[in-house]
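Order of writing sets the chain letters: A, B, C and D. Residues in each chain are counted from 1.
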């Protein structure tokens, strides 16, 4: 049995039309965690970018492949895991979108945004799946409701 | 890997304050299935009654115990399972709330409503858990959007 | 809490207008205390207007039955006004349409109480 | 689709007011086609009013960059007006504040294009 207070696991076919479902459920859980408007928006964007990466880059939009989302609420943080069934990728190999030669590229900013909005971002492999992106965000303290911003000030 | 298009698993501590989270997620998934307003309300009520039973009767509101919700979308139906960690119960042993001597009782109508609103209702045991209530509702056919009502006319 | 009530007197009948939900927890408690308050003031004729109730769960239905019983025990009457289709369906499924007097028109409902009670 | 656009001409500048979201899929396509339409009509000065844009994702940011590039390639200019805090934060994080000319006042923005172009 899970130790977290709340644990939600979602498995879906790799269809972009399901991204909204993932987003709504993530928002519902995040609301329950006490996140305010800014925090909710940051979580929404991180989940959105990550789900699209899993479907498009990980599973190459192959409807036979699945995408998995897991949300677990720990006493101090919300942990979100997004799994795909694709080939391994290393986020360190990805070109830095802030480099001068990449600044005008039409893509490549998703991971940057996730890193800006979440307190932790890492990529591993998940058994029976493929990549597993693990993102966490510290819960707002009930005494001083979070003001939002870009989330870096939490560190 | 699950065969369903959509599969959502939720695990929560047995706290009535989480019932709304369960309801919102069930509604989100049901909307994705194409249920109209009436169908959504029927699913909402069935999930509500079932979650409250799991928390109150199954787990006796013991916060150490968990309640589990699983939603799976099959091509023809939405299947909802609600698990608790309580002692076995047999719905056939429950007094019929429509019997004359029970009509004025202040409780005992939850299962009746679930049965009215869903196409299938059964109770089993689930390994590592306790009771598992399995409810299904046929998906509305995309051609003729469901009108709702008490759901019996689907049969 | 997602329930509100307003009370008015029409002839000798107390009409309680409820809006929101009648569901497990605070909402049911609110209904129970509203009825209890009326009974303690000696009210005998209560008409519950459920027109703005969007949602009643099985606990709420039980609360309506308990309210009915409490009022009857004090020699009074509790009747229902303006059920939405959803709420009417619930009373049909639970066969409580056979128990409650249900009205769609306030004047007719008020009249039905007779003029003997306060 | 959750994006809408309205176009007006102020002096020689085409002001495109966008509302809704600029996100992956139909929304980005709408922006792309709007810009393409303007360019094919010979428009050189485009001011995008993002005041009613609630949400841009990384694909939407990419679309803004592509729009900027397309307009520049045709010898035109694309500038931004009325960023919400959220959108401004995104351009800050992605360092695109250094690329785009950003204004809070329409008149000043229009003036900045100069009066040489149609």
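Following the convention adopted for this analysis, contacts are C-beta pairs under 8 Å (C-beta built on N, C-alpha and C of every residue); 3 or more make two chains touch, one makes a residue touch a chain.
Just so it is clear, the model here is predicted, and its values are computed rather than measured.
J.: Which touching groups survive when chain A is ignored?
T.: In the absence of chain A, as far as touching goes, the chains form B, C | D.
J.: Can you name the chain that lies farthest from chain B, using the mean of each chain's Cα atoms as its centre?
T.: Chain D.
J.: Would you mind pulling out the distance in Å between where the CA atoms of chain A average out and where those of chain C do?
T.: Roughly 48 Å separates the two chain centres.
J.: Could you work out how far the Cα centre of chain B sits from that of chain C, in whole Å?
T.: Centre-to-centre distance between chain B and chain C: 28 Å.
J.: Let me know each pair of chains that touch one another.
T.: A-B, A-D, B-C
J.: Provide the residue numbers of chain A that touch chain D in the complex, in ascending order.
T.: Per the touch definition, chain A meets chain D at residues 16, 41, 45, 48-49, 52, 97-98, 103-110, 112-113, 116, 149-150.
J.: Using the touch definition up top, name the residues of chain B that touch chain A in the complex.
T.: Residues of chain B touching chain A: 1-2, 4-13, 18, 21, 24-25, 28-29, 32, 66, 85, 128.
J.: Okay, in this complex, where on chain C does chain B touch?
T.: It comes out as residues 23-25, 55, 57-59, 61-63, 65-66, 68-69, 86, 89-90, 92-96, 98-99.
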